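One structure below.
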Amino acid sequence: MSTTSEAKTRQDRFDHGLEILTRIDGEAGQKVVDSLAEISPELGHQVVAWAFGEIYDRPHLPPRDRQLVTLGMLTALGGCEPQLEVHINAALNVGLTPEEIVEALLHSAVYCGMPKALNATFVAKKVFGERDLLPAKTQ
Amino acid sequence: MSTTSEAKTRQDRFDHGLEILTRIDGEAGQKVVDSLAEISPELGHQVVAWAFGEIYDRPHLPPRDRQLVTLGMLTALGGCEPQLEVHINAALNVGLTPEEIVEALLHSAVYCGMPKALNATFVAKKVFGERDLLPAKTQ
Amino acid sequence: MSTTSEAKTRQDRFDHGLEILTRIDGEAGQKVVDSLAEISPELGHQVVAWAFGEIYDRPHLPPRDRQLVTLGMLTALGGCEPQLEVHINAALNVGLTPEEIVEALLHSAVYCGMPKALNATFVAKKVFGERDLLPAKTQ
Amino acid sequence: MSTTSEAKTRQDRFDHGLEILTRIDGEAGQKVVDSLAEISPELGHQVVAWAFGEIYDRPHLPPRDRQLVTLGMLTALGGCEPQLEVHINAALNVGLTPEEIVEALLHSAVYCGMPKALNATFVAKKVFGERDLLPAKTQ
Amino acid sequence: MSTTSEAKTRQDRFDHGLEILTRIDGEAGQKVVDSLAEISPELGHQVVAWAFGEIYDRPHLPPRDRQLVTLGMLTALGGCEPQLEVHINAALNVGLTPEEIVEALLHSAVYCGMPKALNATFVAKKVFGERDLLPAKTQ
Amino acid sequence: MSTTSEAKTRQDRFDHGLEILTRIDGEAGQKVVDSLAEISPELGHQVVAWAFGEIYDRPHLPPRDRQLVTLGMLTALGGCEPQLEVHINAALNVGLTPEEIVEALLHSAVYCGMPKALNATFVAKKVFGERDLLPAKTQ
C-alpha cells in the first residue's frame, strides 16, 4: 500500500494493481482486462488499479478472508455466475480448500435461500471439475 | 409432519423429505439431488430433508398455495431461471393450471417490473412447450 | 374487465380501479393515492387505474391467490416493508387466514433466506397486532 | 398522450403503444411481442399499451433521458441481460452515443459494484459488435 | 481529470474529489465523509477520491446525465433511501427539474415495479418538501 | 454435529441449536426467538434448530469464517440492517476484530457498490458505539 505522501501516476497504479490481480487470479484477471479492451478500457483500468491495487491490497484483511466475504456477496447478489467462477478460482488460489468453499456456499443457504446457494454451488462444481478437485461421487 | 416427541435419524428425515419432493417435483427433484452428489451432498440433503421434509410438508398451506408464493419469490429474486423451471413444473404437478401460472407471472409485472416478469414468462413458455401445454398462437 | 371494443376515458379507468382497490385494501389504498397527490399524482393514477383496474381485476386468478404471489414477491424483493404492511392487510381482507400468511412467510425462508423471512414476519406481527389477531403467546 | 376526456378502446391503446415502441426499439420491440404471443399475449399487450403507450410516451422526459434511467435500473437489477440488450439498442436509437453508454455503465460500478457493471458492459460489447460500433482495440 | 503521466499523492486525489463532491452535493457530501470519520475513514476517502474524484469527474457524461443513471440504480437496488435522499438533492443541484425527477421515478415503475417506484417517490416528496419544491396539492 | 444414526426429537434439535446460538450471539439470539413467539414460533424454531443447530454447527468452517461470509451476504442483500446488527455483534463475539469488520465492509464496496457498503458501515458504527469500540475520531 502506498504511503500518503507518495505520488503515483495512473500507470503506476495500474501496474501495482496488475501485480496483485495476477497473484490472486492468475491468468483469469488478465483475461477480464483483455475482454474489456475494446469496449471499456477504463472499466478494465479501474478493476485493476482501484479494486485490486487499492482495496484488495490493503493489509487489514488477508486474501483468504477477502475471498470468503466475496463468495458471500456474489452468491447473495445473484446473476453473477461469471464473477463467481473467477472468485472460486481465486479462493482456491489464496488457500481456501474445496471443502471450505463448499461449506461457505452451504452456509449461504441460510441467508440467501436455496436457489442462490444452488446456483453458486453449481459454479463451484464447474470450477472444481476443471481443476480436478471434485470430491468422490459418494458421500 | 412428525410429532414433537418422535425421535428421527438423519436418514429418516431424508427419506421423508424425498417422499414429499418426489410427489411434488417427480424426477426433477431427484435430478437436483443427483447433480449435487459430487460437489455438496450436504446441500442435497438439506434441500430434501429440510426444505421439503420439514417446511414444505407442513399442513398449514397446501402445495398449490406454496407454489404460488414460490413463483412470486423466484420471479422477484431474479437470476433463478433454473429453479423457476423446476417450480413451474411443480406448480403444474400440484394443480395450478397453465392459465393461472401465466396470470401469476403477469401479476408479477406490477410488483417486480416488466423485465423480471418477462424472464419468468419465457421460462413458463419453455416448460409449457416441453409439456405440450402452449395455448393457441392467437389470443 | 372491459371488452376489447369498449372505449374508456382516463377517468373511467381510474374510477374502475379505485373500486377494485377499495374492495381489496379498504382505506389503505386511498391513503397511498392521497400521499402521492402532491408529489406524483400520475403514479397514484397508475397504481389505481393500471395495477388495480387492469391487472388485479382480471378474472384468471382470484384475489386470494394474487395476494399469495404478492407476499412472496414483496418478501423476496426486500426493503418493501411499507408495501408488505398494505398487502398483509389486503391478504386478510381477501380471505387468507393469519395462519396461512404466517406459513407463507415461513415457506419464504427456504427460497429467500432467513433475514428476509424475518423482516416480513415482523411486519405481519405489526399488522396482526393492530387487528388484534396475534395468536396466543405460547405455541 | 391522450387527453383526460378522450375515450380509447383497448385496441387504440395498443396501436398507439406499438407506434412508440417501434420508433424506439425498431424491430426488437415487435419481436418481444411476437415471442409472447403463444404464452402470454396479455403481457405483450401491457408492454406495448401501458409501458410504451402510457408511460414512455409522456412528454416530461425525452427518450434519451429515459434510456439513461433504464440502463441504470437494468444494470442494478441484475439478471436482466436480455432486456439490457434491447435497451442498449434503444439507447443508440434515441441518440445516446456509444461513448455515453459505456460511461454510464462505468458510472454504475460506483453504485452497483464491479460485477454488475461488468455484466452490463459485456452486453454493450455484444450490441456494439453487432452494430459495428466497437471503438478501436487500443485505448 | 488527471493526465496519465501526472503523479498525484493520496491527498491530491482526495482534495480533487472533495471539490467535485462539494460542487454536486453541497454540504451533504461533506456530511457523509464526516459521519464515516470515526468508523471507516478509508471508505470516506474512497467515496471522495475514487467515486467523485475519478469516476464522476470524467468528462464523457455530464452530471445531469449521471444523476439520471444514479436515480435509476438507487431505485432499482432498493433499501438505499439514505443515498436516494442525497442523490435527489444532487439531481436538483445539477439541473434536473422536480418534474423530470418525478417522471424518472414514474418511469422506474415499468422496470422495477410499483413498490420500489413508490419508495423512491416518497423520498423525493421528503426532499422536495424540505426545499419547498412540492407542486400544488391538487392535480 | 449428530451422527447419521443418532435419533433426535424436535426438542433435542432445538436445545442443541440454542446452545450454539447462545454461544455465538449471546442474548441477541434468544431475543429474536422471543420476538417471534407470538407470531411465528415455527420460524423461531427453524432459526435455532436448523440454521444454528444444523448448519452453523458443522465443523467444516469455523465461526469466524462463517461470519465473514455472512457479513458479505447481508451487505449484498440490502435491507437487512436488523440482521447485520445481530451479525456484527456475532462477528465480534467469535473473534473478528473491529478493524477486520470495517475492512470487510470496505471490501464490499467493490462488489456491492458504495450505497450498500455505506449502509452496512453505519450499522457497524452503531454496534461499535454501543460496545465502546469506536476507533479514535481522527484517522
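So that you can tell them apart, the chains are marked A, B, C, D, E and F in the order they are listed, and the count of residues begins at 1 in each.
The rule is simple: a contact is a pair of C-beta atoms (placed from the backbone, for glycine too) under 8 Å apart; a residue touches a chain by one contact, two chains touch by 3 or more.
Only a predicted model underlies this, so the values are computations on that prediction, with no experimental measurement involved.
Note on A-C: its contact pairs, compared by residue number with those of B-F, E-F or D-F, agree for more than half at D-F. Most remote chain with respect to chain A, judged by CA-atom centres, is C.
Rounded to whole angstrom, the centroid-to-centroid distance between chain A and chain B, based on C-alpha atoms, equals 31 Å.
Mean C-alpha position of chain B lies 40 Å from that of chain E. Multi-chain contact residues of chain A, defined as those touching 2 or more other chains: 42, 46, 50-51, 55, 58, 73-74, 77-79, 83, 102, 106, 109-116. The touch graph of these protein chains is complete, with an edge between every pair of chains. Against chain D, in their complex, chain F makes its touches with residues 109-116. Chain E meets chain D in the complex at residues 50-51, 55-56, 58, 60-61, 65-66, 68-77, 83, 99-100, 102-104, 106-112. The touching residues of chain C, counted against chain D in their complex, run 2-12, 42, 46, 50, 54-55, 58. Chain D contributes residues 32, 35-43, 46-47, 51, 73-74, 77-80, 82-83 to its touches with chain B in the complex. Residues 78-79, 102, 105-106, 109, 113-119, 121-122, 124-125, 128, 134-139 of chain D are the ones touching chain A in the complex.
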